[in-house]
Amino acid sequence: MPQNVFPLDSAKPFTEQKILGHNRWHPEIPPAVSVNPGDVFRVDCREWFDGYIKNDDSAEDIATAPLHTVHTLSGPFRIEGAKPGDLLIVDILDVGPIPQEDDGPLAGQGWGYTGIFAKRNGGSFLTDEFPDAYKAVWGFRGDRATSRHVPGVEFTGMIHPGLMGTAPSPELLKTWNSREAALIATDPDRVPALALPPEPDGAILGGVPETDRDRVAGEGARTAPPRENGGNQDIKNLTKGTRIFYPVYVDGANFSVGDLHFSQGDGEITFCGGIEMGGFLDLHVDVIKGGMEKYNVSENAIFMPGNTAPQHSRWLSFSGTSVTLDGEQRYLDSHLAYQRACLHAIDYLSTFGWSKEQAYLLLGAAPIEGRFSGVVDIPNACATVYLPLDIFDIDIRPGSGEVPRIDPGIGAPRASVG
Amino acid sequence: MPQNVFPLDSAKPFTEQKILGHNRWHPEIPPAVSVNPGDVFRVDCREWFDGYIKNDDSAEDIATAPLHTVHTLSGPFRIEGAKPGDLLIVDILDVGPIPQEDDGPLAGQGWGYTGIFAKRNGGSFLTDEFPDAYKAVWGFRGDRATSRHVPGVEFTGMIHPGLMGTAPSPELLKTWNSREAALIATDPDRVPALALPPEPDGAILGGVPETDRDRVAGEGARTAPPRENGGNQDIKNLTKGTRIFYPVYVDGANFSVGDLHFSQGDGEITFCGGIEMGGFLDLHVDVIKGGMEKYNVSENAIFMPGNTAPQHSRWLSFSGTSVTLDGEQRYLDSHLAYQRACLHAIDYLSTFGWSKEQAYLLLGAAPIEGRFSGVVDIPNACATVYLPLDIFDIDIRPGSGEVPRIDPGIGAPRASVG
Amino acid sequence: MPQNVFPLDSAKPFTEQKILGHNRWHPEIPPAVSVNPGDVFRVDCREWFDGYIKNDDSAEDIATAPLHTVHTLSGPFRIEGAKPGDLLIVDILDVGPIPQEDDGPLAGQGWGYTGIFAKRNGGSFLTDEFPDAYKAVWGFRGDRATSRHVPGVEFTGMIHPGLMGTAPSPELLKTWNSREAALIATDPDRVPALALPPEPDGAILGGVPETDRDRVAGEGARTAPPRENGGNQDIKNLTKGTRIFYPVYVDGANFSVGDLHFSQGDGEITFCGGIEMGGFLDLHVDVIKGGMEKYNVSENAIFMPGNTAPQHSRWLSFSGTSVTLDGEQRYLDSHLAYQRACLHAIDYLSTFGWSKEQAYLLLGAAPIEGRFSGVVDIPNACATVYLPLDIFDIDIRPGSGEVPRIDPGIGAPRASVG
Amino acid sequence: MPQNVFPLDSAKPFTEQKILGHNRWHPEIPPAVSVNPGDVFRVDCREWFDGYIKNDDSAEDIATAPLHTVHTLSGPFRIEGAKPGDLLIVDILDVGPIPQEDDGPLAGQGWGYTGIFAKRNGGSFLTDEFPDAYKAVWGFRGDRATSRHVPGVEFTGMIHPGLMGTAPSPELLKTWNSREAALIATDPDRVPALALPPEPDGAILGGVPETDRDRVAGEGARTAPPRENGGNQDIKNLTKGTRIFYPVYVDGANFSVGDLHFSQGDGEITFCGGIEMGGFLDLHVDVIKGGMEKYNVSENAIFMPGNTAPQHSRWLSFSGTSVTLDGEQRYLDSHLAYQRACLHAIDYLSTFGWSKEQAYLLLGAAPIEGRFSGVVDIPNACATVYLPLDIFDIDIRPGSGEVPRIDPGIGAPRASVG
């Protein structure tokens, strides 16, 4: 085990740890830890809601989840010598649930959860069709996950961090805040919101001095969206063995990480969508001097996935196009096309006995693939979603015989309030 | 070789063949051929522009390509006994370029092409950045493709039909025409157009009787977009061994197929984007009676990809978010995010010596993967594009050493008119 | 289609074709066809028994198969400029059953066969346990195979040539004959024989002049064993897309090919073990000058498999060690260990309803993997055989529930004479 | 982390641990720990020589390695309720090097080793060609291994236990001893020995009472060979996620495990051949009542590999046949054929600058595949060895250009005494 430079005590809240992390992006959040290029080190990560979500059969916690408190990030980690214009190399040597604890109240202690956020509290990819809050708790055995709330499936986790990134420069932060404010301004009362402005309430800012705290809290960008610094990209393929290259915008790069998932389907479509958990990462870092100009990288991350992600050789796939459920034709809208593909998959799975919510939770959590198929065939984009056949206890292929049925069990808990 | 029920003579235009195909969707286009459930048969397919595009070093043909003439479809094939509400099973037993001819003026005779359509004539996924017409001709050796216009790469083709589908019912056709007309009406003069309305000029309607021809030509839906019947889905994974399930909307299903690609990247991003060619398919068909209700399939195709697509174990990936090049923040727009990811890949590749147009043509033609990564992280969707490392002659991984360079050769031909 | 330089007429025997092939290795067999480095060409191949084995429900033909007539090879192909000491590059651009014919009496016309050779006529890997002759006929649909004689399984073929190689030099031929004669001499009456000496009866020698025929027939090496020139290696991984490097021992290399298999398990354990068929290959050839010394290759082929072989992600594996069925301990004998592993697999499969002969035929034909696991752990070698789970209609995994059963159907035909 | 039921203190020798393991097979070795069907638990394992081999640049330790002391096994683990005739299910939930320690003198503390045993002390697969002792030390970074003694390669480990098995019944033990003694008797003075008889010197027998110790030590079977109980199978594919089924021969099954490898090539050809290390396993166990008769399993293990083993899509392969280096023809000897294939690979690799010993050590440690290709083509078996291209820093494919060279560095240490 490499040295743990950012340890977390599972018995204490995120704000009472020996080293304080952060939940906003701001160039003035000072490094919590310094490492050198070439170093290997361990980092603990807290699950994104810091223990608010419980291992129980109720979805009230999902319905009331405090979105202004996410994500509880570990870092920033200063990489000595990294300068703006460099590329930061981050190797994920290992990543997993909380290693010493396989039982306990904190997600990552042998279990994780997937939630469908209610339309009034965050919403989700299919929020118009699924406006209420639902939850599924998943249990881990080795690298396999099963759920009492979604019976009839078992799969190998594609364990990965949902969120990794470098600190923005002051200019970049300003750009973010200004362009997102402009979007919000187009429809300020929309539910769900178009974007999340800086929010001092609940802000955790690491070692920012008291004197600067209010200002920084008022400026710090929310961590939900991915941006030029990487951030909450929710790329399920960032598994063990992956190498990522991040642009460096501040001295030392000030890299942070969090939001671990035991598994996730492409899109993390239920919003609280992967199997959320706390855990650890073993990282190796290095620097390519002047890498941004050298490789024409002005923004966003580049990565090379590891070669040990779970293999599946048999898939069942659903397609969708950019026509709304109401029959309105949209112009080359891949986002809508993927929604329609996912809805087709959910409708299909419901014929085997799963409720539509169970199917939706499954697509959020299982290693499904979501692909851009056609993006130029005016006016319809075509998107496809691939389900690995082998994760199902029954044979879900279409055929001429009788349709097999699963027992949906207790179902997925639904919150009584929207 | 199964019996060829739809032979094409490469020396003659599409309209002068023994059996006439079609290039519009309409329920009244009568079956060209009847087959039975369980049958195995061969079908020849003409490349989508019927030979207009040449194997030369000019892009004038791409600039002036007659879009109203596409796609030259083989069919309709009536499957005896298929009824509306059934699911039609289509197995792709084999698919390839024109089998008896590896030399000649017709795409599919040992070669194919990729084009970037000009903004004034079709446009493409990145048409604002690439407004002019470009072409790349690819040569085939076995299942590998190389191009004198894009040197330094070689890859195994993921050969597939870009377009397969069943005939629409009269009601469904009416729905298509009405919803697409409504979209066009929002900006009728847009370039490129928002959608393509029925166009009698250039319509080929198979065996429609002379008396009905004008009416049918005025109603027939264009074949460019994918729709509820499958159609031009451009799913690169429909390779040999794939089984597809199509909704049946008319008696006999009236299945048609065309637009073969030797290879294509996810999205077919240059529009004329796969490696276009004519060729053949060996098909097996069957019917699941009442399959649409049985499996809750109201529209769109379901499929199970074959297990012999080319394997690649090393990838380099680029991400993008839904911010425009001008810095405008859009709300969860995966389409835009994929554009940005592709632009990042193009910028990156240009550091190795390829022109940006060469890189763009490569992404349209090579077996790149385009994935929905995060679709819920307000306001930024995250999309990723994966390039297989092993298709490049040089090592394109980022590193601390010198950047290797390829010789771009004669480059990709550009049309002198936009 | 590349030019067919070695066409075969399915209606005529191998000896009455326009170009005569051969069934013995000898340096004096003159080239049947000349090609140049860089050429692409097609070659037809006859199934190894030239049509002796029928598509019927009897195994009499297997019991009496004329072993002295094999293999009916296409070639030799002279590659201009190739010299002893060079490496010959052969690319398998495509390979498949007889392309124009999917129905007929000749294996390769839509069907193929697997046989267990009787102990008195060739024997097999498990000949002591399976001394009688059995046959299974497989039907092809696209690249999938099924058999009325082995129901309950279906798999994608790993189509490949069982036999490819270059001509031996006079010295090399002498070495072969002398070392094999020495082996035979140790037990000349053994059944099955230890090796097959030159056999003038049934020898086909291409264009050898009449005056030399008797001498060459008396010297020509049999084609059954693989040797320094490649030859009958029966490597199932030589599928489409594979590049092989052969040592060149005579001017022009004089390359020959035959013994196509629609599929085969590692080892081809029933002897007549792959799914035997005639068909075609599209080849590309080239030469590495002085390649043998350059790469320290004194003998035997090197190859790089293609990347489109069928993918399977779930396997059930059986192990064996080098102890005989009678309980005798042998010293590090991987051959015996693999026999024991195969017997374990056969015993296991028999609990699902297949006869042991059906299971044996299946292991010969399906894409099973046979691996050397431990070869140094005195005194027991450990070998393993891997069965892809997805080729079975039923779930053959061990578990606590009831064992599913297949209907063995008419079973595998057995010959009444041994 | 599941509960560690068999902890080991790295600072103490194997015989001074809280729970004592064993290094012989005997039915009377009492369970060290009891678990229940369905339990999940952690087990620590000591490297097989208990720390005798050092992380240094000398091979004296390999030359003098005390073979009578291996393998230091963890266990036996009694599974409550398991009875003779049952099948024991063992799931490898996780497996890795010593988790809390990445630096230290014990293999597994961030490093491991591969050795070529000298002919006088154990020998190896190619002992006639490599009679001296050599060593390579490998360093771990995450799941990748590199070696200062074998530069120019890096690969992802296929971490697995080399040895797992159930205790033999008294009858089975008697069978082992008697058949192995019979083999030894055929050539008692052979070097290396034909088999290893029971050896009281160095025997570790767990909780065997003092009164029985001498007798049990005189009867206990050596752990080097794999046998009916599984044992030292050295199957590189028993990675994380693998499920194994073992025959149960005694009440409680009395399962033991050890000999962890960070990686290994098929065959473990240098004898001390994988990358040897200590570490941990997380296991889940269960029982199929009466499974041996139910599934016709009389002996040996069955297994289903996990789906996260490292993927490689490009391979370079070498073949061999059963002719000795002296030119003697052997009869269908796959063991010899694999030796010849490995020698061909070693000869080939030596042209790039590696010494033959470096190449041999590499083949023992890297995830190479060894396959039975043809086993029936009288008189030559054909075996093949596959090297993944992507583990090499240079491009090792044969071609017409110049041969790239690596710097062999300090080379692999060789022992001064044989």
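For clarity, chains are labelled A, B, C and D in written order, and residue numbers in each chain start from 1.
As a convention for this text, a residue touches a chain if its C-beta (ideal position, glycine included) is under 8 Å from a C-beta of that chain, and two chains touch if they have at least 3 such contacts.
In this text the structure is predicted, and so the values were computed from the model without any measurement.
Chain centres here are C-alpha means, and the one lying farthest from subunit A is C. Comparing the chain pairs A-C and A-D, the larger number of C-beta pairs in contact belongs to A-D. For this pair, subunit A with subunit B, the centres built from the Cα atoms lie 32 Å apart.
Centre-to-centre, using mean CA coordinates, subunit A is 40 Å away from subunit D. Subunit A and subunit C have Cα centroids lying 51 Å from one another. The set of subunit D residues touching two or more other chains comprises 307, 311-314.
If you check the complex, the residues on subunit B that touch subunit A are 87, 123-125, 175, 179-180, 182-183, 192-196, 224-228, 230, 232-237, 245, 266-271, 273, 288-289, 291, 294-305, 307, 313-321, 323, 327-335, 338, 340-341, 344, 347-348, 350-351, 369-384, 386, 389, 397-400, 403.
Residues of subunit A touching subunit C in their complex: 311-314, 390.
Interface of subunit C with subunit B (complex): residues 1-2, 40, 91-94, 99-102, 141-144, 156, 240-241, 282, 284, 306-312.
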